[in-house]
């Protein structure tokens, strides 16, 4: 059975010692999505052009949110992030907004949580910007898509453990 | 068509003026869930008893996260929260962890974002605690369940606009 | 000679007691400006349309910055801000960007520092966004334009002590 | 025409990838100034001796502010600062307070924004400490004086592109 | 046996509901002390005059620390503090520095933790400023001296439950 | 006489330049303790089993607090912490809770303040969780036990300057 690294042998939470791990380039990509009615989605797609840039505000919130990851997630190590990008795309088939966040660092531990936090904060911000129009929106499918770097190598959701 | 209150007439983002709104008791309840394999869920349910309290750590992260809402969501007003509770429940039928967050304040604007942020940060923390065991977990169905207080009255997901 | 309220009789810094002051509606407006070459200004005005929204990013930074005022300014009281707006306007005669920030609260102390901080953080962000093009930009004339509320009444830069 | 590095080809804001840049010693010096009446300046110069240390408080605020730069400026990378100094000097010819901030790091990106933020927060704090005496003070001439390190080499305001 | 209000009936941590409590004036005073050798204490007392203001820096750190209390203590409510003072006094009989912090608010819950946090952060800062001279210093006797306001009335360490 | 490194020759506070110091592995261990009545201690020891996990909450607060050290202590350098552990042990002979915190980093400056801050925040949180039962608790003996790494080598409280 897999071991929960965030607890010691006594079952007490700790911030695990990564001081012996190699400094390598790390990358993680995560996604999230906000499901809404076609009418609400129209507010976004029209708004971007002329009434208010929902996606621009959410993108910035996601970038800034990724920098707060170790503040939010109790056992996360603080990391010097070297890149954050967020793509927010209207998707009429959802209908809603699809979010993809990519984070890089060069360090001793991965940036999965930074990418997931960026995507989540962007999704929450989309909700906040549109909640006056629709309270029933739903944030769905927040998950890790890909992870590179570190001893465990590449993880890709389309098939684990590539190398 | 509904108006996006976070933008002015020129389409520029602003923190909307709530100074004219009444101070009323406000409550919001939100939920989220983390879907995982039965094997990962077993780590949580066994761990709570003897190996490490995943749910206790996530609960605390959610409570502390709700206090950072106005820091994370660009156009949110800072609010003096008067109560936060988080319930985290293992659900074998998911399989995974169900999260429910309730936040109260007495103020001029609602606490939907505080409740949604609490639930999201708790879900991210569950992911973080368990990711050594399973990277493919997914955060699903983050949404507002209920909102009370303010001019718009009660919103309940089971049927809007009660009073 | 005026008294420096942030020090006690012994000359020690303290956060002054405002518990006896009335809760009144408070408003403050501050301005700042970033001076640059006409070529750099052209990057902003063209960029807003098609290459990147410098002013939108700076506006958001200013709004979020105003919420951190009591974190940045040692003796500032934390305040429940009820409104923040920022106007950023290209001005060919400067040449550069003019920034105006307005903040409101209902409380026991004024929001001058919140408005000045919002304007300053927006100005710093304009600098950051454009520094790859021009390092010699200058932030000029950050000052309070107007203040309403509290015992001292209205202050307006165009002529003090109106009422 | 210079390129705005904080936007991608689609014009979307991102935190630019610095992971491929060399880790070098970086230094930046910025200045700011707070202009006031001779009477207000006298409060500072006399106060330092016996009534309250305005410059000491502002110096500390500037140092602490520089550590919050990546929190305030949306697209700034978090950086492990290795040195911060602030000089605050009364200048009767202004009249007012001149501020100079120097920041160092060893990293993949420069510390211009950290130095400018340190100077700005110190200036705002000077304003806060003295606003009971004079609301009409003005923060002037916040600008970068010098930058060392990184691919672009030395920038000095007295004549660009030394090497 | 007294009840631990920070846990619900199931033993789960929560931020307790204070929304039904009266808004009253609240005050708390706490103390702490840093014990050191007479030689180290001499560095402080001489330094205040001419080499560096240890007590001034620690005082400011304590004031700013009190504003971070709800960020640091997981189940603390965020509170609009209306006053913070810190007295730091060299005491040759300790030998060392005695710290006393007083915090006020008008709210639904007390400010004991804000006063204790202010005193603790000031004590840690004294340690930091002097640790190059002496690593063996000790922070002793951090405790609540007095509390006013709220249903439980006055608590004073010299004899509980005055009224 | 030892020199206070946090001040320059003019007696002004600064964040000392560590850019020339070697990057070495650093470790620090600190302790603190919360003294209480046997009745209050019984609430903790019984509560851990069935009524609420005081020590688990305090442990997490200490871990998260260590990450805020450079935010709290004005002249501390921000550091990429690589490990934090906290042990909290009931001690009937105190009577009360003993706290021990260990922090590691690989950097240019030590982590004494991070370990002391972790221990202090955990102690404050123990107080907060139990103050409904006993206001007279006291935080005692917060001190550095051991420090490794850096030019000054090993410090151990049981006898300085081992190597």
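So that you can tell them apart, the chains are marked A, B, C, D, E and F in the order they are listed, and the count of residues begins at 1 in each.
Operating definition for what follows: a residue touches a chain if its C-beta (ideal position, glycine included) is under 8 Å from a C-beta of that chain, and two chains touch if they have at least 3 such contacts.
Remember, it's a predicted structure, so these values are computed and weren't measured experimentally.
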Joint neighbours of chain E and chain A, given as chain labels: B, C, D, F
Shared chain contacts [chain C and chain D, defined touch]: A, E
Remotest chain, chain E as reference, centres from CA atoms: A
Of C-E and A-B, pair with higher C-beta contact tally: A-B
Chain whose mean Cα position lies farthest from chain B: D
Chain D-chain F separation of Cα centroids, rounded to whole Å: 32
Whole-Å separation of chain centres (CA-atom averages), chain B against chain D: 37
Multi-chain contact sites of chain B, meaning residues that touch two or more partners: 12-13, 53, 56-57, 60, 64, 68, 71, 74-75, 78, 80
Touch-based graph of the chains, sorted into line, ring, star, complete or other: other
Pairs of chains, among all present, that meet the touch criterion: A-B, A-C, A-D, A-F, B-C, B-E, B-F, C-D, C-E, D-E, D-F, E-F
Interface residues, chain E side, partner chain D - complex: 53, 56-57, 60, 64
Chain A-facing residues of chain B, complex: 1-7, 11-13, 32, 39-40, 42-43, 47, 50-54, 57, 60-61, 64-65, 68, 71-76, 112-113, 116-117, 120-121, 123-125, 127-144, 147, 155, 157, 160
Chain C partner contacts - residues on chain B that touch it in the complex: 8, 12-19, 70-71, 74-75, 77-80, 107-108
Interfacial residue positions of chain D with respect to chain F in the complex: 25, 56, 59-60, 63-64, 67-68, 78, 80-87, 104-106
